[in-house]
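Two complexes follow with subunit A in common, the first pairing it with subunit B and the second with subunit C.
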Partner chain A sequence: MTRKALRPFVLYLLMAVIGAWVLAPLVLITLATFTPQLELYRWPKAFLPSRFSGETLAFFLTTEGVLRATFMSLLVGILTIGLAMAIGAPAGYATARFSFRGKDAFRLAILLTRMFPVAILAIPLAVSFIKVGLYDTPLGVAIAHTALALPIVILITTSVFLGVPKDLEEAAITLGCTRLQAFLKIVLPLALPGLAAAAMFTFVLSWNEVFAATILTVRNRTLPALVVYLLGLSPLNFRFAGGFFMVVPALVVMFMIRRYLTHLWGITIR
Partner chain B sequence: MAEIQLKNVRKTFGKVVAVHEITLTIRDGEFLVLLGPSGCGKTTTLRCIAGLEVVDRGRILIGGRDVTHLPPSRRGIAMVFQSYAVFPHMNVFENIAFGLRVRKFPPSEIRKRVQEAAELLQIGELLQRYPAQLSGGQRQRVAVARAIVMRPEVLLMDEPLSNLDALLRLHMRAELKRLHREIRSTTVYVTHDQVEALSLGDRVAVMREGRIVQCDTPEKVYTEPQDVFVGSFIGSPPMNFLQGTVVAADASLFVEAAGVRLPPPEMFEGVLRDRVGDPILLGIRPENIEVHKEPRSDALPGQVVVVEPIGFQKLLTVQVHGATLKVTAEADKAVSPGEQVWLRVDPRKIRVMDPQTGGALSPREKGL
Partner chain C sequence: MLQQRWLPYLLLAPAILFLMLVLALPIVQAVLLSFQSPGGSFGLESFRRMVIDIHFQGAVRNTFLLTALVVPLQVTLAIAIALLVNTRLPGTATFLYVCAIPLGISDLAAGLVWLSIFSERGYLNTILHAIGLIDRPVPYLSYEHPAWLFASVVLAEVWRATAIVMVILVAGLQLIPRDYLETADVFGAGGWTKLRMVILPLLKPSIQAALIIRTILAFQVFAVVLALTGRIIPVLAGESYFWYALYRNAHVASAYAVVIMALSATLTGFYLRLLRVREEQMG
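Our next item is the complex of A and B:
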């Protein structure tokens, strides 16, 4: 085989390896979740379970605190969406529509906020939250998650608003709209699917975030924080069920918004 | 209906001066075309009138009312965009009705007006369709209907035909002219297409580098260009420019060009008398040159380089003493490349330009 003919082969091999690296744990977790408990501990273990079993998942869901933590996670996720969209969408609109002094610096600064690991930020944040009474509250966790989500939200919403031609807005303005009316009647309806994608992305980020949630809560744990806490104390099947339960929403949402993620940088990656 | 006045309007973007002190009055009901190459400031001028750009200096009056600081919605204008800017999430009816709804017209009035506008643009059948289901030409009609349904005092159009294919453009051009005759809004139309400008405009304002070089009727802009730029921008092929020198001999005046003495147009004799011995530029339209195959004393000898049949005419490129002239000849004229020809220029149709400034000399009556 010549080198040239070899190239696509190598490329596909690499893609297969990367794909497997991501998919294999997901598949294994899913299989383990629906494997009857006894079979899970048998050796040698069959790849496919002999029968489909929901016992483990049911056990996980009825475990003390899991439902409450799920509710907390939902609450924190919704609060995070509210905050991140309220701050991020206008910022995205501004970067998409206006040229202002320091625009490039602003865009860089957005990304720079991701330079600091949460681990470094979480401790001082916890101290500050204790002072102002936000510690161990859903709002406190949501604020931390908003900070984490904002850069991506701004990037996504910028690309969303760039996708709505400026002409449409100006046409609305010449037809008698104020700037705000033009935004509400024209830009918003057209941007809505993209904004929804940004909101879902925010939710997934919040749903999966462990570190800040663990440090900033004691009793009002979110689901990941609870699972991390319980992990050391629990049997194998519980861990698998927890992992599965946590990963599913993320997968579903990612699948729904993938169109917007590939448009992130204003170019289409297919 | 309304007259538009621009008074010393200036607009800059950073260091770039897009519009340079433009002063212009557009008469009530007039169709004025802003014509110029890209980047000449014509669209910016239009957007200043619309209120989409805030002018740096100067004043804009519409119908005698100072609108310089008013938002677009309070200027009594409507605009057609180059991209049409038809709202993709509304059907044709809602698109056309949009402006009326914003201004809270009663529903019965809206229905009536939308119907009227749609009939006028021949899109009455398409009212329930969405823009994605329309062709480019149909979208364009929706955009125009959406503007005229407002019965604006001033209708602004930014290169509305440039995204259409050639045949459709020709058709829509005539449509727009008919439309203007019917609705009589004062219209400002931006284009870089000189044929469009000449065919549509009551007057054509030729712009260059943020300034209006000449604003006149299409006939005048074509036959009496104000300077070399206008002459070479308008007309296809553009005006020829021939270097010459003013000479006085035997009490008569000649322009010596390409080794031949041409009698200048009578009306320029007065001005040229002051310029004896000076170099001069002669602006000659390709259609004002006759092609002869026998030597003539009043004709420029030249050699045909290229012959291009363009249907009803032949376009010749002729080399004359180092200068290249474009000449149109009848389609049945038998000329071939390499052939020797004699070009006779109609002296009455020559424009005389100053080679230094590029500006046209204004003719003066003999003896004045």
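Our next item is the complex of A and C:
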């Protein structure tokens, strides 16, 4: 074979190796989660379980606090979507559609907010939340998650609104729509899939967030906060099932918005 | 139009207000907290307690060491992935999606995923035993094997967080005009020359942006380390967590947070000065 004919073969081989590197750990945690508990601790341990068993996952889900923490995570995620979209999407629309004084300063400020470590947010927020009664509440965690998600939501919604042709909106206004009508009837329907993707990405951010959630909760822990709390106290099978259980919803969401993933990032960077 | 002039500010107001209240204010409060003692008097007491704590030096050293090991590996791997995606061979879209999957995986979950590989009855030992390299399980994640502990954290971090670098670089690569590459072809440049002389220089702003973001995130490494090593490998963010959640001392916890922020700010300033990144490329 000539060198040129060999090239795609080598490239595909590289892709397969890197793809396997990403996927293999996910396969392994799935195997660990569905291996019967006794086989998990046996030596030598077989690579494949003798039978697929739901007992580890059932053990995880019936551990006290897990279902409640799952519910808390869902609640916090939904509240975060609501807050982040309500606050972030108008800002995204403004930066996409208008040129105004201070726009560059605003964009720079948004970028700078991503520089701050979550630790520096979470601890003073905990101190303040205790005073105002938001400590250990889903809303409190959602407020912290919104602060973390907002810069990304603004960047993503900016790119979503940039993707809706300005001409359509202007045509609607020329034809007698008010600005609000043009937005509701023309822009919003076209932007909706992108906005939905942004909302789902916000949910993943919130569902995955560990540090602020562990600091801001005591009894109403989110799922990651509970798992961190139980890390040193729980058997391995609990932790494997926990990892699996936290990964799966995030993967489902990522799969649903896969078309938007690079699109969202791609335009943001331009 | 008058409306045009105030409308954008009205739309931005909630975001600005929210970020002032929940981002800017807490940062000021964190600095104040760190310069206060639990008694309320101002001074360096909290920083003194932080520095004399047995975990402090280790936390600083480990955080730096992890950053120095993880970030270059991630950037190198991400460049490779981005270049593969950019070949636009059939199937690269799927490859891109697979590589982006870890974007949706939390640091905690990633730590637990790799725990199933590195624990004593984990899959690494299973595989090594199956191919006859070991008889008894090796306890990788124990005090006796600091190098293995480190390696497990590095692998988990490279696995989890290369995706964010990759996404920035793929987007950056797509901005390079096709004719530049075609011109290079016309002049007979080979693949390697093209990479070194055309692609990498044009990709530099994206690489720099990715470097900054990843370095800042690497200073905050927390749950991966906690899940894999407990407190055997102390790190700065982990110590901040322990001081707050375990010792109930928000002041020393804030002192650690201030150290992380100061390091992030210093490094960002350093990168910006050294590499001159245009801010609009920091998506």
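Going forward, the second predicted complex is superposed on the first by the 241 of 270 C-alpha atoms of A that agree within 3 Å, B and C clash if a C-alpha of one lies under 4 Å from a C-alpha of the other, contacts with A are read in each partner's own complex, and residues count from 1 in each chain.
Simple rule for what comes next: contacts are C-beta pairs under 8 Å (C-beta built on N, C-alpha and C of every residue); 3 or more make two chains touch, one makes a residue touch a chain.
Everything quoted here is computed from the prediction, not taken from an experiment.
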Subunit C versus subunit B on the shared subunit A, clash or fit after superposition: fit
Residue contacts with subunit A in the superposition, subunit B compared against subunit C: C
Geometry of the superposed three-chain model: angle at subunit A (Cα centres of subunit B and subunit C, steps of 10 degrees): 100
Partner chain(s) touched by A:Q181 [first = subunit B, second = subunit C, both, neither]: first
First (subunit B), second (subunit C), both or neither touched by A:F116: second
Partner chain(s) touched by A:D167 [first = subunit B, second = subunit C, both, neither]: first
Touching partner for A:F47 - first (subunit B), second (subunit C), both, neither: second
Minimum distance between Cα atoms of subunit B and subunit C in the superposition (Å): 5
Contact footprint of subunit C on subunit A as seen in their complex: 8, 11-12, 14-15, 18-19, 21-23, 25-26, 28-29, 31-32, 40-47, 86-88, 90-91, 93-95, 97-98, 100, 103, 106-109, 111, 113-121, 123-128, 143-144, 146-147, 150, 154-155, 179, 204, 207-211, 214-215, 224, 227-228, 231-232, 236, 239-240, 242-243, 246-247, 250-251, 253-254, 258, 261-262, 265-266, 268-270
Subunit A partner contacts - residues on subunit B that touch it in the complex: 50-52, 71-73, 77-79, 81-83, 85, 87-89, 98-99, 102-103, 146, 150, 156
Residues of subunit C defined as touching subunit A within the complex: 3-5, 7-9, 11-12, 14-16, 18-19, 22-23, 25-27, 29-30, 33, 77, 80-81, 84, 87, 89, 91-92, 95-109, 111-117, 119, 121, 123, 125-127, 129-130, 136-137, 159, 167-168, 170-172, 174-175, 206, 209, 213, 216, 219-220, 222-223, 226-227, 230, 237, 240-241, 244-245, 250, 253-254, 256-258, 260-261, 264-265, 268, 279-283
Subunit B-facing residues of subunit A, complex: 165, 167-168, 170-178, 181, 185-186, 189-190
